[in-house]
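Each of the two complexes below includes chain A, the first together with chain B, the second together with chain C.
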Partner chain A sequence: MGNFSYLMDGFSTIITGHHILIMIIGVMLGILVGVLPGLGAPNGVSLLLPLTFTMDPISAIILLSCMYWGALFGGSTTSILFNIPGEPSSVATTFDGYPMAKNGQATRALTLAFMSAGIGALAGVIMITLLSTWVAGFALQFSSPEFFAVYFLAFASFIGMSGNAPAKTLVTMMLGFAFATVGMDTISGGLRLTFGIPDLIKGVSFLVAVMGLFGIGELLLTTEEGLRFDGIKARVRIVDVLKALKEMPRYSWSILRSTVIGIWMGITPAGPTAASFMSYGLARRFAKDKSGFGKGDPRGIVSPETADHSAGTAALLPMLALGVPGSATAAVMMGGLMIWGLTPGPMLFIDRPDFVWGLIASMYLGNVVAVVLVLATVPIYASILRVPFSIVGPVIVAIIFSGAYQIANSTFDMWLVLGFGVLGYLFKKLDYPIAPLVLAMVLGDKAEDAFRQSMLMSNGSLSIFWSNPLVTGIMALGLLMLLWPVFANAVGVRNLRRRAAGHSAKV
Partner chain B sequence: MLKQIALTLLAMTAVAPAMAFEPTKPVEFVVTSGPGGGTDNFARTVQSIIAKHKLMEAPVVVTNKGGGSGAEGFVYAAGYKGDPYKLTFGTNNEYLLPSVAAVPYKPEDLTPVAALALDEFLVWVNGKSEVNDIKTFVTAAKAEPKAIQFGGSQSKDTDQILVSTIAETTGAEFRYIPFKSGGEAAVQLAGGHIDANVNNPNENRGQWQAGMVKPLCVFRPDRFPKSEPVHDGKGWSDIPTCAEAGLAIDSYRMPRTVWLPAGVGEDAVTFYRDVLKKVSETPEWGRLCGQDFANVAVPRWR
Partner chain C sequence: MADLQKGYVSRRTMEIVTTFLTGGAGIAICTASWRSGVGWSDTGPEAGYFPFIVGSLVILGSMVTLLRSLFFYNHEGEVFLDIERAKPVLGFFLPIVAFIIISLLLGLYVGTALYIFGSMKWQGGYRWWISACAALAVSALFYLVFEIGFQVPLLKGPIEAWLGIY
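== the complex of A and B ==
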């Protein structure tokens, strides 16, 4: 158990007043950038990066990684309170988090989200501690066909479950794919769907779309329903935090399943966004009573949050062990490693065990610090909802537009966010689901790249998706998920008939 | 033509400056890559060195505009004709992109200021590969046309241009598979999913240390300067140049470039050129570019 003694060494390095102070600062800054949509963890970390050049590498990585944890937590806050995901990976949290907060249970929603996020993150770190050596080898087996299979699985486990008309789901998903293709294409290097507008070269930012569809769309609906001048009359008490904590064990299964999904997506590295969508989809599929989903089902909060954070944490492992960033934030941190004079890669574990295990130890402690800090501040966040809509509404508009501008410093994006807002409003009025559009936008271009790379590798033969046990397994799982409703129906109908037959026989 | 531009850029870094322009408001550093990309590291390092040594009074704001392989940033800067407060950071993509893709700017829309470093390119194969030199590699490629898969960063960019140059020079045929970044191409090679890549030293250094990949030759006119061994007793200086190993391409390098919009005064160009020259003379810059030899430590991810 060499890893364990290394970890203890790591703890002894980081448990100093200086490092714990850095952790707290990092988490606070992270929550701040997470709460402001558009700023986001990658930008926050890159803003902070020049400051770390004068620090020693261990303090620097503690600061940056703690900021990352903080941002992940902060992102969930706005999803739940205002239906505005601060991070792409917290979109799935809005599906049930926002309705629950709207029902006056903001404290419960926030507590459930933070707590499951903390559990997810810790599970991710434990996995890193135990499996660091094995995981590097596993991640190396992933090539374009395997990536495509994983994205296919993410789509498959999320579709099928939609309660909306299949045709409507198809329409919004295709729209999402179309938005994802805007801009420069990786494979051909050509420009697509830019219509000669220079601002479209960079593509349509997923965050702009999400802030418009969810944030502005929701505001338009609320305004139409009549301006309420009073806030939601929710009592905000510390007791509610404890009550919500007590119900956590009830969701053990959801948490366990989501942890596995999250860790897997984190190390492959398909990323936290895919993980949270997939986990939400599966939570709904395996739930006996699906009626609560979309209306504030606690499992709909716990599942995506757990997966998001375990994936976010596990994503740091491929970065360290292979020198490949698992997320945009990890990419920025990796840039930091080089400037501090460290080479990310397989040898880092051997050359600088003090740094690697110091970082891993700081992940344990940093996440505990983050959970404590956010749980302590839940009542403050929750009481924001008591402020009348006539005040909060305009503030949200301001936050959304400044956030949209900040993503790329582009005024064009502010028009886009408005356009998406109207689209979101129309979708809700006409009962079109938004989630498939968002999923297609997030994973669409990645799936396309992976598919076309695979086709280049195989000279155009689809058999590459069944060429080894790994990719075959994932594809088979994906197909099973896609066809599950059909199976379930067939089995259900037979059971029903049998029961009916048994019934009539008795009579 | 490209060679000429590159040479002019290099020559210009040596010109002695006359001070007249002095920025009086914040200068925007437009970075033509996303956060964490090679160009981003380049610009932010310049920024931090300027701040540390107080090389410029005016504050610096860094903005990332990496969409469309960097076209986003160049188009943005081109729109600020005559504005000496938009300093754009890129690579040779500034003059390569317009010739390979329909981007809405021309290379002339920007004024070259400086080229600060040159990134090297090498041919890498998997560490377990039986191929140990470039000649065997080319012979194998010729024996089975289009069988060898070359991975690289992006399409129609420096990597693909180099691969097609190799194909043209040797008469061998390769399959080029574009990935989002050199980092992805590095892992695909380490995992044995592709046969070779043409990554910069930094993109593959970690994997080479662990013996997962190995270099065949470097596109430099001379070998790397003497340095510490990296893997199995071999160091950068032991890598043969491609020309000496039998692949007749003398040199292929990528400059890190800095630009101003077209129509700015000559005094502004001179000012920034002087600042950047001072940056390149600081010990920090030397440290970033590697203690052993220049230009290796600037990574290139996009």
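== the complex of A and C ==
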């Protein structure tokens, strides 16, 4: 068990007062951004990223990843107490979490949610521990064509899994690639797509895009919908927590099923949101007595939460081992790794095992810390949401623009954030998916390099993508994912997907 | 547009307008990369090779979406935005624009303080001294966190220079 000893090394790296303090700060900030409207996990991690440039990479990744866990937990808190999903991936938790809390069982709902989320996350980390070396070792055989094929697979499955409007996914994804190419071309040194604007020479940072699309765009939507916080008073009593813990084993079957769904959806870039909806849908379908669903059925809380968190964690496996992030937040973190001078992918496991295993060890510890902290601090965070939006809104806006300025000390970036904000508002209202755009912006350069190097190897012939069994296999899988809607229609899986889409439309 | 007289913009109109926007962006990407060269040079594919494909796919996706909105539209009768809802959105958006302009002139700390003061005073309806205290507190907190805690400077203006905070 080589992985096990690596993991122990990782634990010895991270169990220091300094790193545990960072973990706690990360989780607390994460819960905060998860709770606040307009600040989600991708946006929170983007805001924090410029502040980590001076830190050492291990502390920095612990801070960012713990913020991610915290944000996932914070999102569930508002879903249950306020019926407002703090994160898109916790929408499914509102269906049964809020009704249960409304029936006076807020503590039970929160405990069930946090515990199942914690179990889901731990399952995801265990999967990463067991598989990461194997996947990275497998990826060591890759050269440029294979890497391009993996990117193709990732993006093709986005289009194939996008449900009702694959063309919209294609548009946002390709716009993301286009934004990534703006500025200096790394190979020829020439300027591209700058349209004569000097501020564009340095390129468009993906952080600017995330802050605008997720931050300002989300806030504009929030103001439009009008904020009604009919929150439920949350007092966490230990007795209720223990009672809820005792009933957990009853849902082990739901948890197991949701873990499998979550891990699968996390590794493929379908992401936590799709995972939680699918898991909720399946829990309902397989339940003998469906009458409780929508009125506070515990299985309706446990299932989406487990899947959400196992997908969120599992999304880090392809990011670390292949350099292909499985969710928008993982994409932002991967951008961070590249800024710190680390190249995600199989070589990272050889060059910086201390970093990789430190991160994996911190995921075990961070999730435990997060469960404890979130239970202990729920009342505090719930009271933050009672602060009127006329104060919270402007403070969030000011934080976003300060963060945007810090990326490159550029005032032009502030206007870009505003532009991306309007774009995000428009796209969200018209159901254009935003995660593919962010993913494409982060991966753009790497995908282009892989493509150009492949073309160089083959002198411009696309046949290189069918030149050996490995690359052919990945490309074929990618094409299968791309054409998935056609197959799914034939088999009839589509109905399920449509039902999940119907759920999301309610919000 | 006929919609505007009814006091709202329909979703269909916006769907079509957006496809023109994205399609236009696609054309801009294609022409700009055409100028960078989309062919093959001694060092391999030229700089515009990849973006040209990307731009073409943006145009393709926009055209499909346009055709879908015209002929296979499944959000019939949905409203994109009416005047009732546009008001709060603009009421939130325009102060942000003002905030950016003020921040560019006076620095982010002063801009933040004025923006929060203004929002609380005129949108939240708070008394002026409560708003002023909150605004100063937020700016001071930013200073502590960014400038001292993480040692990343924010944009400063003439007032900080005059106070000697640099």
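Throughout what follows, the second predicted complex is superposed on the first by the 273 of 507 C-alpha atoms of A that agree within 3 Å, B and C clash if a C-alpha of one lies under 4 Å from a C-alpha of the other, contacts with A are read in each partner's own complex, and residues count from 1 in each chain.
Definition applied: a contact is a pair of C-beta atoms (placed from the backbone, for glycine too) under 8 Å apart; a residue touches a chain by one contact, two chains touch by 3 or more.
These numbers come from a predicted model, not from an experiment.
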### Message
One more residue to check, A:Gly190. First (chain B), second (chain C), both or neither?
### Response
both
### Query
So, does A:Phe401 touch the first partner chain B, the second partner chain C, both, or neither?
second
### Query
Between chain B (first) and chain C (second), which, if any, makes contact with A:Ala165: first, second, both or neither?
second
### Task
Using the superposition on chain A described above, determine whether A:Pro469 touches chain B (first), chain C (second), both, or neither.
neither
### Task
With the two complexes superposed on chain A, say which partner A:Pro249 touches: chain B (first), chain C (second), both, or neither.
neither
### Message
Contacts for A:Gly17 in the overlay, against chain B (first) and chain C (second): which applies, first, second, both or neither?
### Response
neither
### Task
Check whether A:Asn409 is in contact with chain B, with chain C, with both or with neither, and answer first, second, both or neither.
both
### Message
After the superposition on A, what does A:Pro42 contact: first (chain B), second (chain C), both or neither?
### Response
first
### Task
Would you tell me the residues on chain A in contact with chain B in one complex that are also in contact with chain C in the other?
50, 53, 185, 187-188, 190-191, 409, 453, 456
### Message
Could you list, by residue number, the parts of chain B that touch chain A in their complex?
### Response
34-37, 40-41, 44-45, 47-48, 51, 63-69, 71-72, 75-76, 79, 100-104, 149, 154-157, 160, 175, 177-180, 183-184, 186-188, 190-194, 202, 205-207, 209-210, 212, 287-288, 297, 299, 301
#### Entry: Residues of chain A that touch chain C when the two form their complex
50-51, 53-54, 164-165, 167-168, 170-171, 174-175, 177-178, 181, 185, 187-188, 190-193, 195, 216, 219-220, 223-224, 226, 388, 390-391, 393-395, 397-398, 401-402, 405-406, 409, 411, 414-415, 418, 421, 425-426, 429-430, 432, 448, 451-453, 455-456, 460
### Message
For the complex, give me every residue of chain A touching chain B.
### Response
42-43, 45-46, 49-50, 53, 139-144, 183-191, 196, 198, 201-203, 322-325, 328, 331-335, 338-339, 341, 343-348, 408-409, 449, 453, 456-457
## Note on the structure
The chain C residues in contact with chain A across the complex are 11, 14-15, 18, 22, 25-26, 28-29, 32-33, 36, 40, 43-51, 54-55, 57-58, 60-62, 64-65, 68, 74, 80-81, 85, 88-89, 91-93, 95-97, 99-100, 103-104, 108, 111-112, 115-116, 119-120, 123-126, 134, 138, 142, 146, 150-155
